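Have a look at this one before I ask anything.
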Amino acid sequence: MSASVLVPSVVSPVVVSLYLPAVFTAILAALIGLLAISNQKNDLHTLILTDIVGVGMLILVAAVGTDLAESLILPGLVVELAEIMAISEILMSREMRKLGKTVELIPLPLNMNMEIMDTAPTFIAILLIAYGAFLTGFTGGAVAGGGILFYVLSKMTRGVPTNTWEGIAGASGIAWCLWLVGFLIFFIAPNYWLLALFLGAFGVFIKVTFKVGLVGVMGREEFKREKE
Amino acid sequence: MDLSTLGGQFIGIIPLGDIVLYFTTFNLFMFAAVLAFTVLIAISRTESQVEAQFGTLKDREKKVGKAEFKIRRFLAIVCGLATAGAMVTGDVFDFTLFVALIGIVNIGIVAAVKEIDVLDSAFQYGIIAMIASLPLFGGAAFILASSGTLSLLEIVNIPTTTLMLFGSILLFLGVAGETGVAPFFATKAEMFRTPGSPFLLIIHLSSLMVIVRIIEILLIINKPF
Amino acid sequence: MNLMADILLNVIIAFLVGSVLFGLQRKIMARIQMRPGPPIIQHLLHTFKFFIKESAFPKTAAMPFYIAITAMLCAIWVAAVIVGPVTEGSLLLFFAIYALHKIVEHNAGSSSGSPYGKMSCVRAVFSAAAELPLFAVLIIIYLKTGTMNIGNIVTYQGQYGPLIWGIPLAAMMFFVLILSKAPYSPFAITKGKDIISGYETEHFGLLRGYLMISESIAWYMLLWIFLTVFIGGLSPIGYLIGMILISALVALINATTPILNPNHSIMVQVSLAFIGVLGSIILLTVY
Amino acid sequence: MDHKYGKINMLEFINITSVSAAIIIIGAVGIIALPKPIDKVIMLTILQGGFVGMIVAGKYLDVAMAAALFDPIATVIFLIGIIKLDEIRKKKIKQKTQEERFLA
Amino acid sequence: MRLGRLWNSLATPKRIPRVFSIILGLVLLAGFIVPLTYNDNQLYPRPTPQLQISEKDPLAPYDRGGVPLKEPGIVKAQYPNYAPAEGMITGYLSPISIGVSNTTLYYGTSIYSSPGGLIDEILYYSRGFDTFLESSILMMAFVVASWVAIHFTMRRRED
Amino acid sequence: MDNQIIYLIYILSFVIGSIIGLVLSYKKYTEPFIKKNMDMVALIMAIIGWVLVLNNPLLMVIPYYITITIGIFLIALVIGMRPGYGRYETVIGFSVAGIIWIIRMGLT
Amino acid sequence: MLDVYVWFYTGAFLVIFGSIGTAIGPGVKDPLIRTINTEIPAIGVSLIFLTYNHTIALLTFIAATTIISMILLRAIVRLEEMGAEL
């Protein structure tokens, strides 16, 4: 394996030649999204359309085409995900307050008698969690969290009390601290970099998993609500 | 061109791998001021608004509930720390992340209130913050693509290209959107109608301080001479 | 020790001159409106008066905050004096101080719990949108002179003549900013009489005294920055005459114009800032 | 890729990449063109199938695995959403008609 | 006073996102004119796309050399002097990934090497502070969303 | 630094003079400004004050800052009087001093 | 090498086409349809990531897209259930 195959001294000409079309694609997509937003009066639609603007941002970052760019995509992605979640929650709470108690929320029984809903979720969820456990870090967290989320969403696990919720949130807070300790070890005691790496990777993994799993707990409220 | 032309005396750096925090008089002053405000917020109670009621002679008192108080104080402290970080970071992408953190926390501080109007402006502000993530990260990516580095301490020695100028304009728009600054303050001003002034202070503080800081960064990236 | 004495000296000068200028301004406004008007010393006496009055704190206030905010306002303007006349530091730092001033102004209003303070707070946030672009005039100065250091700007002007001829639009923008900080000005929406005294409504006694001290220092400092940056290298007498002239001009404008509606005030300032920045950049590229 | 078909030139283009590209484009056009949500979801699975093909062409089998795991999830989520919305809308129409009848 | 009415309408919260998107769109239009000068002397460059995979490298596309725990991989960082253990994480492979890379060519095994591998070097070490912020952003978003969900959406009958 | 101390002294003397002038004038005049009489004491003080300030090189014996301080104090006494009072005196004092100053300039 | 360009331009096409479809496609007044349409640009971005060999970013993006569409669907269903008129 020659060194140039491992790490070249400059960015490869393929990436350089693709930079212009990539940036144009991103700008076009963003423009379409922005124009649509500027014509949009419905708040929910605006929220959906911001997704496209986010796509433009991801392409802009990816177009740099280095390892650095890849590691910068992850924050962008996370910011996008995080904001969409917080804002959609605010939108719902606003509408709920606006309508007040006059409109009673009618809990609907959901009759989904699909074969796939009984067998698939457990299997897929287990696969995802196992796979996520291999990956660690952000990716692993997102994958495993997606598995948990999916499981919670499609299974009848009702009645998760607030305590459990706070417990999960607390666990992810501790995981965050683990990651922080790992980060500090890197610079205070560089000899133990391996320990720091493991702390960091698993801290972020646990944190992201639990956090994503929480979405499922929130989602359960809507999709699996039965007559109270 | 060096950093001391803009911010006064160069005091020192804190290296964290590729991300280097640096201090000039200017950065240090802003850092200290933001931290002072954060401490003040952490120890303060909230005020209660007293409003006259129609029809009677009674007053209505609007207070911040205990659960609301706790979460908002927590978010306000996080916001203060993030702002303090944004004051001293010497890395463009790190700065954008700090700004994104400030944006999401700001939304959170107002999302915890009950007034519909305030929630509405929180939502509109959130939408702007989401749209603004495009110019924010996109601008940083342009700067990276054209200069080959993200560290301000290196960029200061690189001659400006047109793409860097374009990237920094985008960066500025992104920061403006993410912190809700001119002329988008209208959404933000609406959010201040709710009680809880110490927490609202941090929203305003963060946006103004970040704007001051982004001007320094823009001047570092774009060297007119 | 010498530095400390220097700071103290400058702060006292700033306070006294600022107060007297405020008094002068009121006097001129009164004469224009055919009233006798208060003595010039009135504003200063008011400041002293508040220190011997009883201090009361509203029950609804956000406690340590409500008090600390006045001390904060004082501290940042003292810092401004240190940056300005004492050490001749970076203009950017002065910009930061001004931004902090906006924050404190905003929060002095809202921390009391009074509806008037709240209104003033909302307007302060709103007006920050307009005043910061005006303050961004400092960037134009940087583009023109290539430095942010006040001392270097003064030497630059010694070489090439006052900046007010080179970048008149920037000077205009800064003047609008100064105007917006003056009491009774068309842009003084945070202290408009429709909301009693704006953010100061619920600060009594000692606290009000501190607020007034810092306002005087702020007025002096804004004028000082204007004169130093745009005219440059004046003798103390020159500064005094310049400040009196600007105060008189501001008083003339204030006495003859109504206070604007908040939205309009903001948009007028934003439009002025827009014209100013664009025009200055065009002027810079032409020359 | 598949050079055993190399006799005819045209067939050289029929490799896994171009086939999946074609599938993807069909899926994309289908998603936009078809009006009914259920049809859209079916086209979405086609689109995702093409996407997995693309990844396989790039030989990133682990990514293909993850994509293969997540695609059905997306489908199921959309299905749940569609069914739920359908139910709500039907109920609303029913309520409306009932109200109209009551008024009449 | 048409101007006044325009100013009033610009200050309506509901309109601001739309105004912002129009302004942003106008600025982005300039992106078509700006000369996109790509500086190919970047930090952390990577080989040509698909090069490693066609060279039948089992660690593609994240192979940057190095021997696990012994020799650092090749990393072109910004400030090598501030990162004493540079390249070690890139070179590190977890036992699983060593096993996988010995048996097959077509799994981008560096994913299994997590913790370790190039992206981890950037994410946790040389630009670790970014990750710190990133995970904080995620955490704050979840704090906000879950707080709103718990206090408003779920307990709506209480107020 | 020394310069600044001197200016501080000037300002202080102005402030103190104004306060004293205000207090004394309130004692002296109990009604608002109605009569347009000239106050001789104030007139003399204003003339002396303005002459001292503008023409301090004439008194070579005393250091200039002391002269100016006294002059400013006297001016402030008159300016700082109750609203309406002391206006004409100030104008007259200023014009007398100005004439002297012009003559002095013309002679040298 | 050709593959890379096929991926890239297919991705770019999907991004632009999908964006247009999401913005003004038929029936996008229904938020559900609009959300399904956003999947097209998402796949396009995935292909562009694949072009640059951003493997880990690609994996995370696939997971994140699913989560985002779930969040959006939740909001849609919920708002519809409330009968909110936005």
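A, B, C, D, E, F and G label the chains in the order they appear, each numbered from 1.
We take it that a residue touches a chain if its C-beta (ideal position, glycine included) is under 8 Å from a C-beta of that chain, and two chains touch if they have at least 3 such contacts.
Every value quoted in this text rests on a predicted model; they were computed, and no experiment measured them.
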Note to self: What's the minimum number of touch steps needed to get from subunit B to subunit C?
What the structure shows: 1
Check: Which chains are shared contacts of subunit A and subunit D?
Finding: E, G
Check: If you count the C-beta pairs in contact for each pair of chains, which pair comes out on top?
Finding: A-E
Next item on the list: Please work out the Cα centroid separation of subunit D and subunit G, and write it as a whole number of Å.
Entry: 11
Next item on the list: Provide the C-alpha centroid distance between subunit E and subunit F, rounded to the nearest whole angstrom.
Entry: 72
Checklist line | Mean-CA-position distance for subunit G and subunit A (Å) | finding: 14
Note to self: Between subunit D and subunit F, what distance separates the C-alpha centroids? Give it in angstrom.
What the structure shows: 91
Check: Which residues of subunit A are in contact with two or more other chains?
Finding: 14-15, 19, 26, 30, 34-35, 37, 43, 46-47, 63-65, 68-70, 72, 74-75, 78-86, 89-93, 96-98, 105-106, 108, 135, 138-139, 143, 146, 153, 186, 218, 223
Margin query: Please output the residue numbers of subunit E that touch at least 2 other chains, ranges allowed.
Written below: 10-11, 17, 19, 21, 24, 28, 31, 36, 38, 41-43, 46, 49-50, 108, 111-112, 119, 125, 127-130, 133-134, 136-137, 140-141, 143-144, 148
Next item on the list: Could you list which residues of subunit G touch at least two other chains?
Entry: 1, 3-4, 51-52, 55-56, 59, 63, 66, 70, 76-77, 81, 83
Check: Within the complex, which stretch of subunit E touches subunit A?
Finding: 17-19, 21-22, 24-25, 28-29, 31-32, 36, 38, 40-49, 51-52, 55, 57, 63-65, 69, 73-76, 84-85, 88-89, 92, 96, 111-112, 114-116, 118-120, 122-125, 127-146, 148-150, 152-154, 156
Notebook entry, point to check: Which residues of subunit D touch subunit A in the complex?
Noted result: 65-66, 69-70, 72-73, 76-77, 79-80, 83-84, 87-88, 91
Checklist line | subunit E partner contacts - residues on subunit G that touch it in the complex | finding: 1, 3-4, 51-53, 55-56, 59
Next item on the list: Please give the residue numbers of subunit G that touch subunit D in the complex, ascending.
Entry: 2-3, 6-7, 10, 13-14, 17-18, 21, 25-27, 30, 32-33, 36-37, 39-40, 43, 46-47, 50, 55, 58-59, 62-63, 65-66, 69-70, 73, 76-77, 80-81, 83
Item checked: subunit F to subunit C touching residues, read off their complex -> 1, 3-5, 7-8, 11-12, 14-15, 18-19, 22, 32-33, 79-84
